[in-house]
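Listed after this line are the structures, all set down as structure tokens.
There are two complexes below, and they share subunit A, which is joined by subunit B in the first and by subunit C in the second.
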Partner chain A sequence: MSTATSVARGSRAILSGVLRSNSGRIGFVLLCLAVVIALFGGFVAPYDPYATLGVPGAPPGNGHALGLDFIGRDVLSRVLFGGRSTLLLAGLATVVTYTLGGAIGLIAGFSRSKLDSLLMRSVDVLLSVPALLVILLLITAFGSTPVVLVCAAALVLLPGVARIVRSATLEVSTRGYVEAATARGEPTRSLLLREILPNISGIVTADLGLRFSWAIILIASVNFLGIGIQPPTADWGVMVSENRVVIASNAMAVVGPSVVLAVLVIAVNLVGDAYVRQLDRSGGSQ
Partner chain B sequence: MATSATTAGPAPESPPQSAKASGRGRQHPVAWFVLKRVGQGLLTLFIVSILIFMCTSVIPGDAVTVILGKSGTPETIAALQAQLGLDRPLYVQYLSWLLGLFRGDLGDSVVALAQKQPDPSIAGTLKNPLTNSLILGSITALLLVPLTLFLGAVAGIKADKFIDHAISLPSLVLAGLPEFVTGALLIYVFFTQLHVLPPVSLVAPGESPLATPKILVLPVLTLLIVAVGSGVRQVRLGMIDVLQTDFVQFARLNGIAERRVLARYGMRNAVANSVQTIAQNLQYLVGGIIVVEAVFAYPGIGVYLVQAVLARDTNKILAASIILAVLYTVINIVADLLVVFLVPRLRTELV
Partner chain C sequence: MSTSAGSVLDLDGVQVRVRNGPVVIDEVTLDLRRGEIVCLVGESGSGKTTTALAAFGYCAPMLTISAGRISVDGEVLDDAVDFAAIRGSLISYVPQNPSTALNPSMRVADAIADTMRAESIEGGNRHTRAIEMLGRVGLPATEDFGQRYPHQLSGGQQQRVCIAAALASRPKVVVLDEPTTGLDVVTQGRILDELLRLRDAEHVAMLYVTHDLAVAAQIADRVVVMYGGFVVEEGPTEEVLRRPRHPYTRGLMSATPDHVVSRVLEVMPGIPVDIAARPPGCLFAPRCDQKVASCDVDFPLLEWVATQHQVRCPEWSRTELVDWAGSAAKAAELASDLSRPVVLEVRGLSAEHRTRRGDVVAASGISFALRQGECVALVGESGSGKTTIARVVAGLHPTWDGHLLLGGEPLAAKARRRTREQRRRVQMVFQSPSDALNPRHTVAQALIRPAMTLRAMSRAAAELQVESLLDAVGLPQRYAARYPRELSGGQRQRVAIARALAADPEVIICDEVTSALDVSVQARILELLRDLRQERQVSLLFITHDLGVVAAIADEVLVLEKGLICESGKTADLLAAPEHDYTKKLLSAAPSLSEAIGVWDASGG
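Presenting the complex of A and B:
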């Protein structure tokens, strides 16, 4: 069986497990909706998101379904354009976190030496200050480029991943098949990648949803604070912040981006929650 | 964002404390534990302070250049750098900053120096924001703890009944939202629609936010919605666990009234199990306050920090960051100690 088909079969099984519960189904539909809006909304936007079209803060009407923003740009078009940055940066941050945190956790859990406590202690330093503070400091040091945003969010989420991977590795590496492979003289690389990694993937991905939603929240919050993605870029976090001045005349300029962001995060959490429950049902990770 | 509650998982090996039991430790395990925990906290803070210092020093020359802007000539830039002591080696800068910290001297604001303001000292500018933040944080904490315990316990006792779902589902949904989204939607409801609460929480300089309690309602509510939601899940799970233990089952079999079983055996142990969760929620407040203050333009330490980052005022960033880091660590230590005092059986494991 090729890897491609087994991956396809695996993801189909996960999907049907997620869709078994009501909250999973609702979450999945909302997630598809939010992701499609975020990634492809720009193609159906009625106006140029950067063009000034009328009176700042004009309420909905006159062909502008969500009215105009604080300098007279079409809110709907900006909402349709504004999810891409956050979603992509958060997705990248999650990938980086799992790669880096996974590597650290695997090495720490497998080495069972001084290296273990050294790695885990250094990772734990990141937990001794508020997450947002870590990001603020990294932005202070390295500027607010997209690369820094991704790395900063990934770094904040890393300790959790490293811890889970480490304890799962510790547990799995005492099992018979790993010991047998060790006795066969398999190189460490293939022990880690072929014996241990496939067997901890269930536990490790259990809170993938939670971490992805944190990544979204962190990136969006930094953008909201004005120290991430900079105006005039259409971004949900930036929009909520800049349009607060017109909330009295056109509340939709604030509510619109807030609601799509809320839907995205809630959907990720619901799907993640349903995935954890289907893991529990199918007897954990093995 | 209480990370470790959900991610840590039980460590498979024995508790780390038991490994290095010294003679002194055996005689006074609790005192030894307190000493060790405080020592650990101080060491962490020391490392964190170095890292924070490094983050704000990566751009030392740049910060001065940026702040002076076009008016900066090589001479004025060099003069300001000398005034800030940036011409010294990095470790000397760090040590002199650390020594100043112990004397309550947090250094000078880079921006204020550049603008030649009469009093560039930072320490004085921090007093009001810090007080405002502590007021906001304490009010939230006072409401947060009983609410989390109550809702979590009720959901746990009535697990899988209607009332459990009525508590658990909203907390799952609401706890996951970014603070600024919750805040913005609350402003929409209570200001735009109902006209009952102000959209911003401005405090006149020198005035206490307690003089106009109305402005505190929405910030507190925003923090509560996020923090209570994440805590309820943990307390609920703790309660369910406790109710399945042998001693609760036996108490029930003995015919003790259910109400008494819950109060004497259930609640007591669930509270002890929840201390860590609650500590994480309080720790969350230290970070959450940064965004919530920004949403409502509430003049606290969070807004102070964000403004310092925007202005690239490195010394202000340093000062505000270290204060938040200390708060965070103190809550952590207090929680660890509190658990040991509340759950006597843990004390024997300390030895």
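Presenting the complex of A and C:
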């Protein structure tokens, strides 16, 4: 109960802290815009994103605000539809990363035993393999389904999260209130969830924006390379890739999805930075 | 007007304020003569550090020096360029924490030589001078020592290097901000002696900031007492401390623990004034026991009460002298009683602790018994193993040898292996008030948890006793809903004590619980602990480095040196007639207010 209330209190504090600075406000507005477009854009799309409507690569005009793509589909409609997959996959990957990486970091930081070295060295092994190689291997082995994509991205992002959570846990677990709880004989679960986790959430949240934007870039890159989401699905990364052939006749077919992708990533970073700044001001993890 | 011959630093009506906010210090007038040490004394928030920094035209980024005149060596300085020119050459600064003051990637000789760059000395000569400076502050004046990095030195050596760097360019004034606060008493004693020697040898004037009146008594020629950003009393050290005229100075003195005259500390009521909400009249009036009606209305002026002694209190003639003998008699009442049952027994305890730097602190052969309602103090310098022993007893240090008996029953090493009843009976209060409480839990939540986990109370029953717990530690009921960040250090430490009480313990381990607190707050916490002993028959295992605090609270003392008990006995006996060399060394190094005053009484009549 107390954890839930403090989390609610925490998220309100985060928002008001973020909105205190100009860049935070701009980032927040852009983020809302990009997320709304990605999630609900499909409902206001003027055309069916899969219907061929005219000359491939036709420039903007004739009721097509962003022109037509390389096989004559409406670019605007595809942009409005195409964010959902990236955003959802990146979001899911971030959640999986934090669940796994957070758990590994917490346990490693708290145990101060051989378990710590064991967990962290395994994580280091992951860190030593190039990210795209990991993803390529997994996709080659298990096929390019959304589940594999999410797991692959999570695996790539996990080491960083585990390290941050571990070092924050190490620091917090020497505090008096954790010692007091240990001396009371509180079970490990209670020590981790009641005493430690709420007090590292600030640092962890500060890192969240950065990880999320990496996840977006990662998913979009994989899609761009043609090994992630497959055509004809409307997806920003896929669109940038497939419309390169018509960039001379209708540049908007590439620029459109690139811009929304960039806006999304920049907005996430602006919000993340604004949060970190307000965290620094308020002095640490509170 | 106040500029007399030989004055090297002169502050006249200096005011520092928060930009677009309240004043932090105001009407600060003081002067330093050649070869004189002036102590700025006060508790946290009194403005002493702000004053010290203003002496060389510096203040924290959100502050601004908004009025007054500052002159160094006869020259009035009024803009940033002026100040930049004199810093390091005419006036220099020794900050509080030497471990962060020195550049860790610079060898100490280079660090000292660096401060001489403003002077036109050639590089080679600067280096020679730097090595020479090491010798002057009592360090080895060798090339080898000069080549060391700060992390290879002890805290005391680092502080000496800082002092050498400050003196290197032969300044007229050195500003020292609590230079010995983080150091052990023995090291502190050596640094203080060194400063006195340097004052006499080099005729440097020093502005010395400290919260410790006993240190001021030992080192200062004059003291300036500050409260709420104003000077409240100023005069020659001997005069001010023998006959304090401001009730705040007197209150600070009565609250300062003293190992020479064991006594019950007097407690100043109220809380320090908030600079954002100063009362209209005298700032100290809300806490003053001799105030009259006009004190709440008229802001008092500094008055001369003797030729060199000024006080900001119109009722100064009614301030009583500090009653050393009477309070000493009160302390004697709390003698322990051998007929009481032993609660906690430690026999032949050995434990090792590896610090982050890799040093090993080993306690061995530790034996003592703690009786019901008694207070046993473990005293020693850092690295003496006293905290390790406390953690073993609390079940936080899993590896040790020996016997640990609670009510005759052996205790397991890990807290989790002990029975719930055993965990309930031993509670610990931690050193740092800033991290003693979970920042995400309200005071009530912090107090409910131990009652639920250790006494199997229902949440409702545990909530019911929050009120009485807050009462027991003297906190208002409304604090139950507050978060730790809304409390002061002293209040947090009270909550930490209440949290220990929530388990209804028999033994409370207090690990340096007052070392981060101001003396007036410390006096209150010590009073609270004494009351708890009497009312609840709680036994205390009290860990401290401060012999004065020991004298104020403990029945028995164990003096630890490098993990071994070198001497133990009844507090009064041990402090009066120490036998072991180490105890003698500790006692002679620890500054004592009563001793200083006694010496003056004997010599001056």
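Methods note: the second predicted complex is superposed on the first by the 277 of 286 C-alpha atoms of A that agree within 3 Å, B and C clash if a C-alpha of one lies under 4 Å from a C-alpha of the other, contacts with A are read in each partner's own complex, and residues count from 1 in each chain.
Convention: contacts are C-beta pairs under 8 Å (C-beta built on N, C-alpha and C of every residue); 3 or more make two chains touch, one makes a residue touch a chain.
Owing to the predicted nature of the structure, the values given are computational and were not obtained by experimental measurement.
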Per-residue touch tally on subunit A - higher for subunit B or for subunit C: B
Which of subunit B and subunit C A:62 touches, first, second, both or neither: neither
Partner chain(s) touched by A:177 [first = subunit B, second = subunit C, both, neither]: second
Touching partner for A:230 - first (subunit B), second (subunit C), both, neither: neither
Touching partner for A:128 - first (subunit B), second (subunit C), both, neither: first
Touched partner set for A:195, first subunit B, second subunit C, both or neither: second
First, second, both or neither for A:221, with subunit B first and subunit C second: first
Subunit B versus subunit C as contact partner of A:145, first or second or both or neither: neither
Subunit A residues contacted in one complex by subunit B, in the other by subunit C: none
For the subunit C and subunit A complex, residues of the former touching the latter: 394-396, 415-416, 418, 420, 423, 426-428, 430-432, 435-441, 445-446, 449-450, 453-454, 485, 496, 499, 503
Residues on subunit B engaged by subunit A in the complex (per definition of touch): 1, 3-4, 6-9, 11-12, 44-45, 47-48, 51-52, 54-56, 58-59, 169, 172-173, 176-181, 184-185, 187-188, 191-192, 199, 283, 286-287, 290-291, 294-295, 305-306, 309-310, 312, 314, 317, 321, 324-325, 328-329, 332
Contact footprint of subunit C on subunit A as seen in their complex: 2, 6, 175-177, 179-186, 194-195, 198-199, 285-286
Subunit A to subunit B touching residues, read off their complex: 23, 125, 127-133, 136-142, 157, 159-161, 163-164, 167, 170-171, 207, 210, 213-214, 216-217, 220-221, 224-227, 237, 240-241, 244, 247-248, 251, 254-255, 258-259, 261-262, 265-266, 268-270, 273
